[in-house]
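Scrolling down, you'll hit the structures one after another.
In the two assemblies presented below, chain A is common to both, partnered first by chain B and then by chain C.
Now for the complex of A and B:
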C-alpha cells in the first residue's frame, strides 16, 4: 500500500483520469450490455421484419416460454451432460491423473506428452472441429483404423454418436488447461508433508486422498470454476461440428441461444435464454467461490 | 513425491494417449502435403505443396489478411486502452477502487454469449457490423482481463525508480515512457499476444458481424468451406488449417515462459 501521495501522480490527476476514460467507457459498455440483455428479455424484439422496429413489452412471456415450450429444458440437459462428461470427468480428472503420473517421469516423456496435449489446446476451435469431423467421418481415421479392418461396415460417428463425439473432441482440446493448473498445484504441495505422511505409514492412496487433495482444494475449485463456465458457454466446436444436430441432440444452451436469436430472429427470446445462462453461471461461480474460501 | 520410473502398464497407457492425441495431426499433415488427398491416413501419394500455394492465394489469402487485421487490431486496442487505465489504477489511491477491481473480476467471468444479442444490436444500430466492430467488441470483452493483468504487472514496477526520476525533473510522460513501460515490456507483450491469439481464434463474433464474404476471417472461411455439402477438398482444407493454426501455436511456444508467469499470476490465487 502506498501511503504517501506521489507528486507526479497528484499533479496530473486530470491527465490520468482522461487516460482511464476509454477503459471506463468500454467496461461501462459491458455492464450496459448486460443490463440491455435483461431489458430485451422482456420484449418481443425481432432480428428482421416488423418486430425489429415496432417491438413491444411482453412481460414475463419469454421466461414462461423457457419452461413451457420444448427446447430450453432439453438444451439445458444436453449442456449439463456435455459439461459433466467433457469438462469435469474428462478434462479435470484426466488432467489431474496426467499431472500426477508425469511428475515422477523423465523429462523427455513428460515434454512429449505435454506438447501433444498443448497442441490440441492451442489449435483454433474451428480447426479442431474440422479435424474431428474428418477423423470421425465414414472414410476417416477411426473407421479406417478400428472399424473396417475388423470387417465391419464404416460407422458415421458424427451422425450416430453425435454427443459422445463432440464430448471427446472437447476433452481432446481442453485437457491441457487442467493439466497445467494441476501441475502448478502439485508443485505447491510441500514435500515435507508428504514425507511425514509416508513415515507415519500412510499408503499411496491415503497420501493422495487425505494429504494432497485437501491441500490443493483451492486449485481444484479454481479449475472447476473456469472450465465449467467455459464449457457451459462453449460455442464454436459443437456449432462447427454438428450445428446442434442431428435433430437437437447436441444443441447446448449456447447453440440454442444462437439458433433462436440469429437463425429464427427472436432476439427477445434469445435474450431471455442469455439471462438464464448468466444466472446459472452466476450460481455456479458462487458455489465454487464458496468452496474456494471455506477453511481447510 | 519421489522420482520413480514408470511401471510398464502406465508407460503403455501414456504412449497410447500420446498416439491418440497426435494422430489427428499426423492425418492433417499427410493430407496437406498430398495433392490428391482423399481424407484417409496414408503416406502422401502425390507429394507436393500445391495445397499450400492454393491456401494462401485468392480468397484464402484475403481471409488471412482479415484475420491478421482483426487480431492485431484487437490486441493493439486492448493493450493501449488497458495500459492507459492500468497505470492510474495501479498508482492512484481512490475511493471505490476495490469495488471496481471486483467488478472487473466478475466481468471477466461474463460469457460472451450472454451479451451477444445486445452486442449485435448495438453494432447494427451504429453501423459497426464490420471488422472494426469485431475489434471493438472483442477488446471490450477482453478489457477486464487485460486491465487486471496489466495492473498486476505495473504493481511490480518499484515506485522508488519513479520517485528518483521525478526528483531528477522527469515529467509524468517521461516517467511512464522511460521507466514504467520498458520495465513491464514482458507483461505488455504477453497481454498483446494473448489478445492476438484470442481474436485470431475467435469465431462467433465474426460469424454474426461479417455480412459480406469479403470480410470473412479464416475461422468463418474454414467453417464455410467444410460445412458445405458435396465433395470436400481435404488437401486444401488441411493446408488451410495448418496456415490458420500456425500463428496461434507459434506464439505460444515463442512466449512459453512469460505465458506461464501470467498464467500463474492471474489464474490461481491459492
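Now for the complex of A and C:
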C-alpha cells in the first residue's frame, strides 16, 4: 500500500512550507557557511585592516601556499599522528578492549572502571588541560610520585614529550565514547551464534576474530567515523595545554588554522586551510562509510 | 487573513520593543584591567542609574577574541584594546573617532600628545590610552647570588646576558633566561622578546634595527639585525637550554609567576608592569616594596655590544579603551569611557599599580612624582621608541612570532628568515618588502 498523507495537509501549501522552514533554515545555514569558506578561500580577506573591507580575488594562490609555504604539511603530519595514536589506536582499541574484558567481570568492578572512564569524558576541556599540564610538568604529580622517589632527575614531560603527552590526554579524555559504543555493540551480538561457534570448536581468539568482529563491523566503522572527524578538528585541549608548542610540535591543523586566521589575521588563507581539512575529512569519511556497507 | 495575522504580530512585536528597557551599554575588558574598569563601571551606574553589561575576559588570547568580535560585528560598545591594534581596527572602520566627543570633556586636554598619536589613524583619535610602559630584564636576586653573579646586575652586552644565563643554568636554575617566544603569547613575544633584542642588534640609521622602514613604509624582510636576533634566540633556547614550556603554558603569565615563586626563574625579559604583575596585576595582596626589592631587581636591556649599536634598548606599548563604531548609543558609550578615565579613579589605579602615566594631571601630581619605582622607569622612557603601528603590524607581529617558533623547532636562521620574507611578500606584495645587506 502506498503511504497516503492526510489530504488536508497536502492541500495546505502554507502549512507545508511552514513545516519545512526549520529544515530549510538548517540546510541553508550549513550550505551558507561552507559556501562562505569556499568562496573566501579564493580571496585575500583579512581579519582586520584594509583587507577586511577591500579584499580582492587571488585565484588559487592560497591553495598553492598550502604546499609551498611552511606550516600546512607539517601540521597535517602532526594531525595524522595525533589522530592515529589518540583516536584510532588509543580511544578505539582501548575502548574495545575495556568493553570486551569488562563484560565478564562482576558489576562493582565494572561500575568503578566505568565511572573512572566517564570522569575524563565529563570534565570540561579547559579543566582537563590545566590538570594535565599540572600533572606532567617538572614539579607535577608524575614526577613527584614516580620519578623523584626513585632518585631520578625530574623530567619536564610537557616540554620534552609534548605530542605524546597531548595524545595521552586525549585518549584519557575520549575513551569513554568508544567504550560505551562497543558495550552496546557487543550486547547486540546474539549469544546463540557464539555458542554455536564454541560447539564447532572455535577457540576464544577465533570466536573474537571470525565471529564477533564481523558482526560488529558497522559499529566499528561508525565509531571510527565519529572519532576521526572529532579528533581531526579537535582544538580546545591542545590549545590550552600547549598552544601548538613547543615550537610547532603539537600544532595540529585546527591550531594552524586558528593561528593563521586569528593571530596572523589572514582569513583567506585560513579558509583555504579549512576547505583542505574538509576535503581530507570527507575522503576519510567515505572510506569509513564503505566499511559500513555489507559485503556482497 | 494572512495579512491580518501579520499585522497583528507586527503590532505585538512593536509593543514588546516599546516596553523592553533600553539596551545597556556593554564593555569588554581583560581580567587584569579589572581594577581600573570595574570602579569606573560602578561610578557610571551610580551616576546614571543604568546597568552596564560588563564582559570580563581572560588575558590569554584577548587580542584574537576582540579582533574576531569586531570583525563579526558582535563586539561590545566599549572595548579595551592593545594600542597597536587601534590603527588596524580604525582602518577597517570598526572604531568610532573620538575627537568630537572628547572636545566636550574637560580632562581630555591632559593626555600626552605622543600617546594619543599611537591611538590615532588618519588624523583622528580613536582610543584613549590607559597606560604606557617600558621594557627591561627582571632577575631573581636569590638565584643570582646562588650562581655567583654580582647584584645589582648591570649587563653591558648580549654576551654578558648569555654569560649570566649560562651561570644560572650551571647553578641549577630551571629557567635561566625566559625570553618570550612563540605564537601563544601573541604580542608579548614580539615586544618583550624579539623587538627589544632587534633594536640593539644593529645601528639605528635607516631603521636597520627595526621591522619597518618608517620613511618608505616598507617592511624589512631580511637584515643583519633580524638574523642576529634569531641567533640570540638560538643561543638561549638551544646552546644554554632554556626550556620552552613557559611560552606554551595553559596560562603563560601564571606559569611565570609560579616559576618565580618556586625560585626557578633567573632572568625574565618583560616590562614595567611586572612590578605588580609578578605577583598580581590587579594589585591584590602585593608584598611590600622592601620585600619585592629583596626578591627581584631589574636592569635595562643592553644592546648587542657591537660598535654603533644602542647601549640600551627600549620600546613602549600600552593599552587603550575605544568605542565600537557599531555602538547603539555612542554618547553613552563615551560617557562610560570618560567615567572610567575620570581623574579620581584613573589616578588611583595608575599609582597603586605603578603604571606609567599617560596624562599630565596624573604624572605631574606629587603622589606620582614621589614614587621611586615610577621615577626610575620613567627615566628609561626618555630614550624609548614605539611599535610600527601602521595597519599590517598585527600580521607582521604574528610572522615575527612564527620566526621564533621555527628557531625553537631547531630550524636554521637562514631558512627562518627566508620563510619570513616569503610570508611578508605574500601579505604585502614584493614592492612593500625590502632587504638590508
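The rule we apply is simple: the second predicted complex is superposed on the first by the 275 of 296 C-alpha atoms of A that agree within 3 Å, B and C clash if a C-alpha of one lies under 4 Å from a C-alpha of the other, contacts with A are read in each partner's own complex, and residues count from 1 in each chain.
Assume a contact is a pair of C-beta atoms (placed from the backbone, for glycine too) under 8 Å apart; a residue touches a chain by one contact, two chains touch by 3 or more.
Quick caveat: nothing in here was measured; it's all calculated off a predicted structure.
Trainee: Sticking to the clash and touch definitions up top, decide whether chain B and chain C on chain A clash or fit.
Mentor: Here the two partners, once superposed via chain A, clash with each other.
Trainee: Could you say whether A:262 touches chain B, chain C, both of them, or neither, answering first, second, both or neither?
Mentor: Both partners, chain B and chain C.
Trainee: In the superposed model, which partner reaches more residues of chain A, chain B or chain C?
Mentor: The larger set of chain A residues in touch belongs to B.
Trainee: Pick one for A:109: touches chain B only (first), chain C only (second), both, or neither.
Mentor: first
Trainee: Where does A:193 make contact in the superposed view: on chain B (first), on chain C (second), on both, or on neither?
Mentor: Once the two structures are laid over each other on A, A:193 reaches no partner at all.
Trainee: Answer with first, second, both or neither: which of chain B and chain C does A:222 touch in the superposed model?
Mentor: Only chain B is touched by A:222; chain C is not.
Trainee: Regarding the shared-chain residue A:60, is it in contact with chain B (first), chain C (second), both, or neither?
Mentor: Neither chain B nor chain C is touched by A:60.
Trainee: Which holds for A:137: it touches chain B only (first), chain C only (second), both, or neither?
Mentor: both
Trainee: Once chain A of both complexes is superposed, is A:236 in touch with chain B (first), chain C (second), both, or neither?
Mentor: After superposition on chain A, A:236 lies in contact with chain B alone.
Trainee: Residues on chain A in contact with chain B in one complex and with chain C in the other?
Mentor: 126, 129-130, 133, 137, 139, 240, 243, 258, 262
Trainee: In the complex of these two chains, what residues of chain A are touching chain C?
Mentor: Interface residues on the chain A side: 14, 46-50, 52-53, 61, 65, 69-70, 126, 129-130, 133, 137-139, 156, 158-159, 162, 240-249, 258-259, 262-266.
Trainee: With touch defined as at the start, can you tell me which chain B residues reach chain A in the complex?
Mentor: 1-6, 10, 14, 17-18, 20-25, 27-28, 38-41, 81-82, 84-85, 87-89, 91-93, 103-104, 107, 109-122, 139-141, 143-144, 147, 159, 162-163, 166, 170-172, 175, 197, 200-201, 203-204, 208, 218-219, 222-223, 226-227, 232, 234, 237, 241, 244-245, 248-249, 252, 260, 263-264, 267-270
Trainee: Mind pulling up the chain A residues that touch chain B in the complex?
Mentor: Against chain B, the touching part of chain A is residues 2, 5-9, 11-12, 15-17, 19-20, 22-24, 26-27, 29-34, 36-37, 40, 45, 98, 101-105, 109, 112-113, 116-120, 122-127, 129-135, 137, 139-141, 144-145, 172, 180-181, 184-186, 188, 191, 194, 218-219, 222, 225-226, 229, 232-233, 235-236, 239-240, 243, 254, 257-258, 261-262, 267, 270-271, 274-275, 277-278, 281, 285.
Trainee: What residues of chain C sit close enough to touch chain A in their complex?
Mentor: Residue list for chain C touching chain A: 2, 64, 67-68, 70-71, 85, 88-89, 91-94, 174, 182-184, 186, 243-245, 247-250, 262, 391-392, 394-395, 398-399, 401-402, 405-406, 408-410, 419, 422-423, 426-427.
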